[in-house]
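Okay, so chain A shows up in both of these, paired with chain B first and chain C after.
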Partner chain A sequence: MPEIFIDGHRYEFEGEHKVLQFIQDLGKEVPFFCYHPSMTAPANCRQCMVKAGQYMKSRETGEYEVDENGDRVIRWFPKLQTSCNLMAADGMVILTQETDEQVKRAQKDNLELILINHPLDCPICDQAGECPLQIQTYKYGPEGSRFEVKKVHKPKRVQLGPRVVLDAERCINCTRCTRFTQEISKTHQLTITSRGDKNYPTTAPGREFDDPYSLNTVDICPVGALTSADFRFKARVWEMNQTPSIDITNGKGTNIDLWTRDNLILRVTPRFNSEVNDHWMPDAGREAYKIFNENRISRPQQKLDGEKVLSSWNNAIATLGEQIEDTDNAKIVVIASPHASVEENYALSKYTNLLRLNAPVFTSHIEEGTGDGFLLSDDVAPNTNGCRLLGFKELDKSAISKEIQKAELVIILNDNLVDRSVVSADQLKDKFVAVFATNNSETAEIADLVIPITTAAEHAASYVNVDGRIQRTYRAKETKYTNRRIDLEMSEGRLDRYGTNFDNWVTEDNKIDCMPMWEIVNNLADAAGLDINFKDGREIMDEIASSVSNFSGVSFAAMDEQAGIQLSIKKETSTSK
Partner chain B sequence: MSTVDWKNYTPVLLPDIKDLHKIDVYTKNGGYKALKSVLTDKKKWEGPKAVVEEVKKANIRGRGGAGFNAGLKWSFMPPADGGPRYLACNGDESEPGTFKDRKIFEYNPHVFIEGALIAAYAMEITTIYVYIRGEYKTYIDMMEKAISDAYDKGYIGKNILGSKFSVDFYVHSGAGAYICGEETSMLESLEGKRGYPRVKPPFPAQKGLWGRPTTINNIETLSHVTGVINNGAEWFSSIGAPTHPGPVLYGISGHVNNPGVYELPSGVPVLDLIEVAGGMRNGKKLKAVIPGGSSTPVLRADQLDGITMDSDSLRTVGSMLGTAGMVVMDEDTDMVDVLWRIAHFYHHESCGQCTPCREGTGWLEKILLKIKNGDGEVRDLDLLLDLTTQMEGRTICALADAAAWPVRFTINRFRDEFEARCIKKAHAVA
Partner chain C sequence: MAYEFTKEDLQEIETIKAKYPEVMPATLPTLWVAQRRFGHVEPEVQRLVAETLGLPEAHVHGVANFYTQYYKEKKGKHVLDVCTCLSCQLCGGYEILHHLEEKLGIKAGETTEDGTFTLNQVECLGACGYAPMLQVTNDKYVNHLTKEKADELVEKLKSGEELEYEQIKMPQHKNI
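Then we have the complex of A and B:
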């Protein structure tokens, strides 16, 4: 097998490898800015310099040549090489900054040059704390600067597009953003303008940077040159907790991170998953953080004499229990939801099955034209395939509307059927409508009973995307009934770990009075004298895996380990586009 | 060292013939004979490979500055596979002090066109581009005319002179960027992109224009091909310095009486060349010479004894032939000013792709401006020298080296003058 020698250690490799990526995959480090594993390597930042050479092999024997002292003969490349575009070769010798002074010096020199025209405004820069330039300067940079003349001035606070703001002075011209629009989103909206130390990225004159994937350039910008118009100046990175999650605004199931401070989700960034979304996510999904914070239903609500009033949990549970008892089973319709997780749907169906109600039905949520063949599908619900795999009957809009019109009691799990015109408010007028919902909506507005449930940011549950991949969320936000400090599964931020008591603050107002669906089901079952005791999403998934054959082998542990599990779905049911 | 007999040399690229740029005059004086011979004389030329071998034997060292054997470069082209193959002729000459190719465009465009066509035949090329800097508007027009004349006469186009060889020939004008003279940057520019040099490998012979095999040659280099085919490799390699043979277009500028382009054999003594250009202006004393365009290291007058204009001789005193665009400076020249002006040029022309050059060129210029204005300190000189090592050899193309060398060598060779400028300030404060 081909072998490569890095800092005196021997490694074997197969296939084609860029030396920089190979070193990173070993868990070692070489500083860099312009390289990105999903894009071409332009080798323009010149930071990832290494010393490279080749052990000479004898043509006849194929053995390494040795000199008179018995040492292998190395032919060094005449210049230092950028490791990002250097392909690993058999017998190659690499020295990084760890073992070679010349490399160390070259990297330091390069950082000094990068910094001379950089404004060094870290204290007011959004990138500070997650800035490759800042981090690498501390690690590999010079102690001070010898630059005593005037810096170059360039445009600042330029609104490149609706979502992205440019500070050209901070730009180090790595061209990651322009390459992103050329190679990944393919809109070709960004280019570098001007020459030399005056150049910076911009759009064509009169054009907006309205690429539907524009905010990815903010993520990959290695400095604070491109910032999010929405997020800038809102929070320092170290004040936030980063929690892995799944985008629930689209069926694609993009892997994301939720960034929380003071129990509010402040931003959404993509999380790498080579099987789903690589490093990217659509801008549309980033707006979704608002649905976790705003317009939430807190505390159960009940209609009394036509007026919506707040209710107690006990009262709400009892009311629903009584309604079910008082209504003829044939006149009850239970509507499951592609917008709710597998566990929530399962918990509801287990309860209704034990009561011998009609089996839950659901309708998928397709919005034609949303799909773009990349990270958006026409299916805008995160769990349509989950409902299918649980064996729920799928009805189209008119069929489900007919079912509803036949019923007297309508139980809806988190699906805004009125808002998306599946049924009209008029058609629901004479019926008792009970809704489990996360956010205010027209559907919740006309409901007789509204029971608030947790969002994907508040519970750990799984969703099956359009391609049949089951992935799960983590608890990122506290509810009135959970506590970050004692919840071992919630992420620990830098402030949680290192801050004093005065650094971290909690506003009780930001905690929503809601419960996970399965806890509500526990209470409903209790009231009906049924034996249901769900503990959390993890246990429910274990139960599903053992009782529903479509989910056999699925568990939270397995999903965590493999970044989601591919389930087998029928091809024709896939709505991936 | 044997002296080169340059006094009895008859020019071949720029002969004294009136209206040579007209195609009729050119053909009357033996023009397109070489092309005809290559295409039709099957006894003399057994196919394209024979032409490559002849040019390789002639040892035409690239006149664009790098001095690489043109025939050898041609032989790097992979075998033809039926797809398009390109010849890109580099007429971007933007190095300060260099203005030789424009003489070819102006006085003898067909010698270049013929050379390019022979090169295209030798490498089985399907399309030729000649990239001319945008500032040469007049010469771009003249080249357009010359090419269209050659099309009319059947020297370019389908089945040239009744052979199976077909080729298209296009003029492409630059937009005023020095960097587009760098060969891969020129390819990007030809493709309609921003002129950024490409990372090598892959080399243009493997993946050039639009990912296809491409050879890039200087205008003067290709012009010499015509002579080599007409008179043979021996004729060419017997002219001038043995290791760097052939006629050279010397572009002489600066403080001489008759600046201009002079065609002479390679290896002419530097001091003789100044005499060719009419000697020093106003009878002043020679102070320094930049031998081959502003990026080549400057030489002091006292270094020039016995030095001839070829790469080997110039290397002995630490300089290069480059493009043979020689800048002559007299005793009144302020070297600080000269260096600042050169640094200003490279700062203005750095494409900005690689960090060391983008940031380094600006820093060099700013420090030099400070010294020029009398605000410099001696430690600034050491910083400048340090910066040149930070830039050199750390970038994708050679422009960082081109920007760094003049600074390093001018300071090293005229350190007293620079220090004096810095120390004057120190005294003034005291």
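Then we have the complex of A and C:
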């Protein structure tokens, strides 16, 4: 097998590898700015320099040549090489900054050059704290600059597009953003203009950077040149907690990170998953942070004499229990939801099954024209396939209406059926409508009983995407009834570990008075004298895995380990394009 | 004003495209065709070039902005690039520049009101041996400038006379 020697250690490799990527995969480090594993390597930042050479092999014998001391003879390449586009070869010798003074010096000098025109505005720069330039200058850079003349000034605060703001002075011209529009989103909207020390990325004159994936350029920008118009100046990176999650605004199930501070989700960034979204996510999904913060239903609500009033949990549970008891089982329709997780749907169905109610039905949420063949599908619900795999009956618009017409009690799990005009408000007029919902909506507005449930940011639960991959969320945000310090599954940020009580998580109003669906089901079952006792999503998933064959082998641990599990779904049910 | 290529231009662009396996390399020569036709490659002309070649606008913009020889704004009929880099400076480049500024009544970087002349101060054009010198509209060099020679040049250009290439022989070393 071909072998390569990095910093005196021998590694074997197979296939084609770029040296930089190979070193990174080993868990070691070489600094770089312009390289990105999903894009071409133009090697224009010159930061990833290494010393490279080749052990000499004798042509006749194929043996390594040895000098008089018995050491192998190395033929060094004439100059330092950029490791990002250097292909690993058999018998190659690489020295990185760890072992070679020349490489160390080259990287340091290169950083000094890059920093010549870079403004020192880290204290007010959004990128500070997650800035490769900042980190690498700290690790490998010079102590100071010998450049004493005025820096070049370039345009600042340029609104490149509706979502992206450019600060050209901070740009180090790595061309990651332009390569993104050329190679990944293929809109070709960005280019580098001018040359020398005056160059910076921009759009063609008079054109907007309205690429539906434009915010990815903000993520990959190794400095603070491209910033998000929405997130700008909202929070420092080190104040936030980063929690893995799944995009719930589309059926594609893009892997994301939720960034929380004081129990508010402040931004959404993509998380790498080679099976689903690689390093990217659509701009549309980034708006989702608002779903978790704004317009939430906190505390159960009940309609009394046609007016909505806040109720208590006991009252709400009792009311729903009574309604179910008082209504003829045939006249109760239970509508499960592709917008709710597998666990929530399962908990509801277990309850209705034990009560011998009609099996839950659901209707998929397709918005034609949303799909783009990349990271957006026409199916805008995160868990349509989850409902199908749980064996729920899928009804279309007219069938659902017919079901509702027959019913007196309509129980809806987190699905804004009125808002997406599956049913009209008139159709629900004379019926008792109980809604489990996360956010205020027209559907919640007309409901007689609204029970607030947790969003994907507040519970750990799984969703099956359009391609049948089951992936799970983590708790990112506290509710009134959870506590970050006690709940060991919640992520801890720097301020959680080292801050005082006053640094973080102080606004009580940001905690929503809501419960996970399964806890509500526990209470409902308790009131009805049934034996249901769900502890958390992890346990429910274990139960689903053992009782529903479609989910066999699925568990939170397995999902975490394999970044989601591919379930087998019927071809025609897949709506991904 | 909408810019359009003439039939001949389009034919020329087709021949240019035929030279290359891909369209992208045709950007530079096509920009030249455009600049010859319109006298500049303003953003609208860049857009026209992009549409004609079927290339992204941003790409054409980037290429046009990289090279100083493409005029990104309207210029005079004749563009005088007066070199003031080291050799020319030592031999009186600035004197020539200021003389031309006075004569044309404009500052470096400006265009005369009648749109005949644009005066630019530029860096080395690689003719240090014939300093001081200037270049006329990306084309002919006028070498060994004196104030009189500069005046003469302006009159010549005003009258619409064709400039001729100046041939300067290399100094011959006798005692090699």
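Assume the second predicted complex is superposed on the first by the 574 of 577 C-alpha atoms of A that agree within 3 Å, B and C clash if a C-alpha of one lies under 4 Å from a C-alpha of the other, contacts with A are read in each partner's own complex, and residues count from 1 in each chain.
Just so we're on the same page, a residue touches a chain if its C-beta (ideal position, glycine included) is under 8 Å from a C-beta of that chain, and two chains touch if they have at least 3 such contacts.
Predicted model, so just to flag it, every value in this text is computed and none were measured.
Partners chain B and chain C, brought together by superposition on chain A, clash. Of the two partner chains placed by superposition, only chain B is touched by A:F147; chain C is not. Legend: residue contacts after superposition of the two complexes on their common chain; A:I114 is shown touching chain B, with no touch to chain C. When the two complexes are overlaid on their common chain A, residue A:P205 makes contact with chain C while staying clear of chain B.
Contacts of A:K79 after superposition on the shared chain: chain B is touched, whereas chain C is not. Look at A:A43: by the touch rule set out above, it reaches chain B but stays clear of chain C.
Number of chain A residues touched is higher for B, counting chain B against chain C. By the touch criterion defined above, A:Q189 lies against chain C but remains apart from chain B after alignment on the C-alpha atoms of chain A. In the superposition on chain A, A:Y498 makes contact with neither chain B nor chain C. In summary, superposing the two complexes on chain A brings one listed stretch of chain B into steric overlap with chain C, and the stretch in question is 253-261; the others among 19-27, 217-225 or 253-261 show no clashing C-alpha atoms.
Shared contact residues on chain A (touching chain B in one structure, chain C in the other): 191-192, 194-195. Per the touch definition, chain B reaches chain A in the complex via residues 177, 179, 194, 199, 347-363, 366-367, 370, 383, 390, 393-396.
By the touch criterion given at the top, residues 178, 181-182, 188-195, 202-207 of chain A touch chain C in their complex. Listing the residues of chain C that touch chain A in their complex gives 43, 46-47, 50, 56-62, 65-66.
Against chain B, the residues of chain A that register as touching in their complex are 41-47, 49, 79-80, 85, 106, 109-110, 112-114, 116-117, 146-147, 149-150, 152, 172-173, 191-192, 194-199.
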